[in-house]
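Heads up, there are several structures right after this.
In what comes next, chain A is part of two complexes: it sits with chain B in the first one and with chain C in the second one.
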Partner chain A sequence: MGLKDRLGRLAAAAPAPVFVLAGRGTARLAPALDRLALDPRLRFVDSPRQANVLLLAGGAASRLLRPALRVHDQMSRPRGTVWWLPGEERSPAALRLARTLGLAAGDLVDPDRPDHADPAGGAEAVARAIVRRHRELVTGVRATEPAVLPDEEPAPWRGVGPFGQGGEGMMGGVPYGRPMAMRGPDLSDGLELDRLPVRLGPFYPPLPSGLVLDLDLQGDVIQAVTVGANPFDRPAWRGDGDRHGRDGDPFAAALTRPVPLAVLERARARHHLRWLARVLALLGLDALGRRVLGLSLACAPVTARVADAAEGNPADDLEPPRRAVEDLARRLRSRISPITPPWGLAGATRGVGRIARSRLAGLGPVARAAGLPDDARSDDPAYRALGFEPIVQRSEDAEGGDAWTRLLQRLDEAVQALDLALRAARAGDPTVGGPGVVGSAGRAIEGPRGRLIPGGDPPSARLLALVAELLEGLEWGDAVIALASLDLDLEEAGRGPLPGRTAGEREPRRPTRADRTHRSHRTRRKGEVA
Partner chain B sequence: MAALGAAFALLLGTGIAFAVLRFVGDLLQPPGTSAPQRVPFAGGRPPEVHAWSRYHVRYYAMALLFLAFDMEMVFMYPWAVVFVQEGMKAFAEMLMFIVILVLGILYAWREGALEWA
Partner chain C sequence: MSGVLWPHSIWLQAAALAGFVLGGIYAADLMERLLGRYVAGAGVRAGALLAGPFREAALLLSQQRSRTERPDAPAWALAPMLLAGLAAVAAGTVPLGPSAAVAGVDSGIVLFGAAMALVMVCVFLHGWSANSFAPLVGGYRFVAQALSFEMPLALVLIAAALPAESLSFGEIVRSQAGLWNVVRQPLGLPLYLVAALGVTFQGPLATPDAADLAGGTRAEVSGAALLAWRLARGAVLVAVAAVGAATFLGGWSGPWLPGPAWTVLKTLALLAVLVASRHLVARVRLERFVVVAWAVLIPLALLDVFLTGVFLL
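Showing the complex of A and B:
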């Protein structure tokens, strides 16, 4: 056996490095994706250059196609693709893309096919497909996938002078086919140096999946922000709002039919812990993040078991994660904890991403982290019967709220949600929501990102409108944390108005002027923001 | 003469090491990269501007302060030589000098001159 074969077998035994591209409909795949992230056979990496296998999860939104192909071509060789494609997303365009990439039948995993289904929500089939692809690649059984996009520079080299700088000092010229950054005013100290336009997304891992940002950077301070068109946007008049409840989101479902309270609260706890896991990983606390992700899976709603109360107390399994989350919240708060020195987690998040309180109405944990007792659950008789009180962060820091108070808020709410789920199991499993007629005061559902009002904009759409103003003038590291602290879901934002109509409304809402303008607007300069 | 020979050998050795490393580096280099692979990964869109730009190092005020205090140490070398002879008088003089500088730093700190974002 040659040296090359032996090295290939060693490489094949290592965890397969995977880069994940999230397409349309990933909310449904989320639990299984989390299992994959924790799978010891795989290693999720932050850049396509480190990956051997590209995992396409979900359907191919048309605006994501070209970026996805570019990421594919940016992977170093050997590279391969596995596509986790739900049956409903199997469009002609998707199949064309699969042919372009040269995918074999074994590289397409369908969570709806019976032979691909498993208790882990399809995670096992995907993990096996990825590991097989990885082994085939590194042992040379299957050739690397060829590049899809043409191998050419964006423009020919036209530079003049020894460094192609154009011969006019540092300015002008097009080294390697690209123009150079030009000087521009600066927000903080007025020193005019180069303003570097940076185009990020839609697959940039530190940003919420699908977010497209055009930034102007001077040093690492963001001078101007343009939020690009949402790749998941669908025209509101197509009545796509009905999709809101279909991908297993119990909160949107509760707008149209009653849902057990315990299911909602388990989903809320899971949502917040999943968010926390991501933020911890962004802050460099990967191991802690993985533990929290494991806890989030332990909170997942087990719909069948909750409905079947005859089995005994269906919430028995919640006690261990509840204790663990509570313990984590206590440790994060204590000043002498080894995982949060003042210069660590708290230092990186305190004072980052403040938003004026007046903009936060109805934005759930973000509003409550700023001290607003804004919670639709306070008006719900089912919650009141369980003794629900909204949690609000009360410290001097809470003026406007920052990433740190949002982190504590979500952690506290996760504990509270698990408590409520436990109490609901003892109180005869009440239900929440339903197709009741909604008055002007509104019978709303409190989702994990904020108030869900029937026929209204989803909270993510309202959060997305805050992004451009929030980021301007921040350092890059703070901007990433501030963005993560909002908990954006571009897909939810792109689906348009929520289901369930108000009494006076018959037709789905037509898109208003505001819908069209908030998508790609350029904000005012710092200091001019209302 | 021996020193010159040693220097020469060192130069020659460095040159040979450099050539060998270049050769090995070329051997290990992955087979040709494509145009999409040559640009930085930023989420799937190509950069529109070359990254060759003047980067605004916002900690320059801190850097200048560091230089100033670094140079102050140079003044302390001759002082240290005569410190034992001069005794308390030298100590008081150096103390005054440093206190004046530290007051300057505290003032700049209070005015926010050390924040760079």
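Showing the complex of A and C:
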């Protein structure tokens, strides 16, 4: 056996380096994706350069196709692709793409196959497909995938301009295909320095999936931000109103039908802990993040599907994660005994991402972290019967809230949600929501990102409107943490108005062209969230 | 005793030093993995743990190098080699045993300090030459970080040199025969460890390679080039820990065991502290670190020098 074979066998035993691209419908795949993130046979990497296997998760939104192929071509060789494609997303375009990439039947995993229907089964099938692909690649059994896109210049420059290199005289133009960094005044002191134009996204791991940012940078300070079009935006007239619920969001489902309170609160705890795991990883504490991600899975409703979860949710399994989360919350908060790690979280997040209180109404944990007692659950009889009181951060830092108070808030709310789920199990499993309950004006469901009002914009759409203003003038590291602290989901924002009817409306009507124009104006206006 | 354990041939000494550094890199990687598994609450399989670093190295060797748009290819290839060279220079100044270091020069501190100052050039070169956003910003970050930790690093080493009346690490170890510097100069080791985290961009000071830049200066690197970069960084880590052991923990001195064994043990102890920060301390905000370094760490380091002078008088 040659040295090369030996190396190949040794490399095949290493965890497979995977770069994940989240496409459409990943909310439903989330539990299984998280299991994959914790799988010791795989290692999720944060740069496509270091991955052997590209995991495409979900459907191919048309505006994400080209960026996805660009990521594919950026991977170092040997490279391969595994596509986790739900049956409903198997469009002709998707299958054409699979052929372009040269994917075999074994590289396409369907999460809806009966043996994959539960998340552990689906995760296992994908993990096996990835490991198989990884081993085939490093041992040379299967050839590397060739580049799909042509290797072109970012902008035509040859022969352009007085010197033929794309520039315009001394300054300006696109020398060698890239826009030249032109001078501009610095935001803080007006000093004229070079501004580097950079476009990031939609698959830049530190940003929420799908977010595209056009930045002007001086060093790593953001001078100007333009938020790109949301690639998940779907025309409102295509598809039914219950798109939110169908994608596995129990909170949106509660707008149209009753959902057990325990299911909602377990989903809330899971959501907040999943968020915390991501923020911890962004702050360099990925090992602790993995522990929190494991806790979040333990909190999840017993199965991934809302419909199945409604059938029963024994709460006995909740006590251990509740204790662990409470312990973590206590450790982060304690100022008198700073002997237990993790250290430095407060220092890394305090004062980062402040937003004026007046902009935060209806934005759930972000609002409550700023001291606003804004919680739709306070008006719900089912919650009141369980003794619900909204948690609000009340320190002097809470003026406007920052990433640190948002972190504490979500951790506290995760503990509270698990408490509520436990109490609900003892109180005969009450339900929340349904058309009768939310039919009257003013009633709403409290989602993990904020207030869900029937027919209204999802909270992510309102959070997205805050982004440009929030990032201006921040250093890049702070900008990433500030963005993460909002908990944006571009797919939720792109699904359009929430299901359910507001009072007075007879039945959901198909929006007319005039409605659509009106809506796009409305979502663009910034002050709307207030 | 040391004559038996410490060879006189310079080639054998260099081989022993290379073994020391490579072993240190392996040990540091194992400790990081072990603590990571513990913090994550995941189980540990001894076989997978021990083989892990080799498997990952083989994986990187099986990957091809990546290519960006118009990189500065010579500088990109040079950066890891330069960093490894600086690590070798720094490690060469460390006296493993009483007889000599490989580069047992009279002014070991100056040589070590010069090598550590040039780490800034390597990391910036590595980030800049990829011609890409994240590596470039990572490079900027390291320059700001390095300008902040260099002064405390130099000052605590000078404070350790004062009682030894020599700039040689060998004399500094001998000057601690009665009492180690970690006790005699209580400010020294903590300040040195902060600077050591900075120079090796570890844990809270891993700002140039941070997750918020999707890997920063190493974001565009793959394959053997990434392996070379990680090995070079590991070698700097081992060298810095070994210098810390010699300067503050009495180097080779200790009862029962032969000298080099004490050097190894003390180096491992400092490596454990440096590596543990990776999973226990969140990444600092660079702006804050710069302010703290100039407003707190440098004055403390000056106080360290001043107090040492007062005690010597």
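As a convention for this text, the second predicted complex is superposed on the first by the 445 of 530 C-alpha atoms of A that agree within 3 Å, B and C clash if a C-alpha of one lies under 4 Å from a C-alpha of the other, contacts with A are read in each partner's own complex, and residues count from 1 in each chain.
The criterion applied here is as follows: a residue touches a chain if its C-beta (ideal position, glycine included) is under 8 Å from a C-beta of that chain, and two chains touch if they have at least 3 such contacts.
Nothing here was measured: the structure is a model prediction, and the numbers come from that model.
Within the superposed three-chain model, A:E475 lies in touch with chain B and with chain C [touch as defined at top]. Of the two partner chains placed around the shared chain by superposition, chain B and chain C are both touched by A:V198. Of the two partner chains placed by superposition, A:P381 touches none, neither chain B nor chain C. In the superposition on chain A, contact of A:P92 is made with neither chain B nor chain C. In the superposed model, A:G219 lies in contact with both chain B and chain C. Applying the stated contact rule after C-alpha superposition, one finds that A:Q74 touches each of chain B and chain C.
In the superposed pair of complexes, A:G190 makes contact with neither chain B nor chain C. Using the contact criterion defined above for the overlaid structures, shared-chain residue A:P175 touches chain B, although it does not reach chain C. Legend: residue contacts after superposition of the two complexes on their common chain; A:R49 is shown touching both chain B and chain C. When the two complexes are laid over each other on chain A, chain A has residues 47, 49, 74, 76-77, 154, 176, 196, 198, 200, 204, 219-220, 475, 478 in contact with both chain B and chain C.
Residues of chain B that touch chain A in their complex: 30-31, 34-39, 41-58, 116-117. Residues of chain A touching chain C in their complex: 7-8, 10-11, 13-14, 17, 38, 40, 46-47, 49-50, 52, 74, 76-78, 138, 154, 176-177, 196, 198, 200, 204-206, 217, 219-220, 280-288, 290-291, 294, 341-345, 347-348, 352, 475-478, 480-481.
Listed in rising order, the residues of chain A touching chain B in the complex are 47-49, 64, 66-68, 70-71, 73-74, 76-77, 147, 149-154, 170, 174-176, 178-181, 186, 188-189, 191, 193-194, 196-204, 207, 212, 218-221, 474-475, 478.
Here chain C touches chain A in the complex through residues 35-37, 39-42, 48, 51-52, 54-56, 58-59, 61-66, 69-70, 133, 137, 140-141, 203-204, 206-207, 210-215, 218-223, 226, 278-288, going by the rule given at the top.
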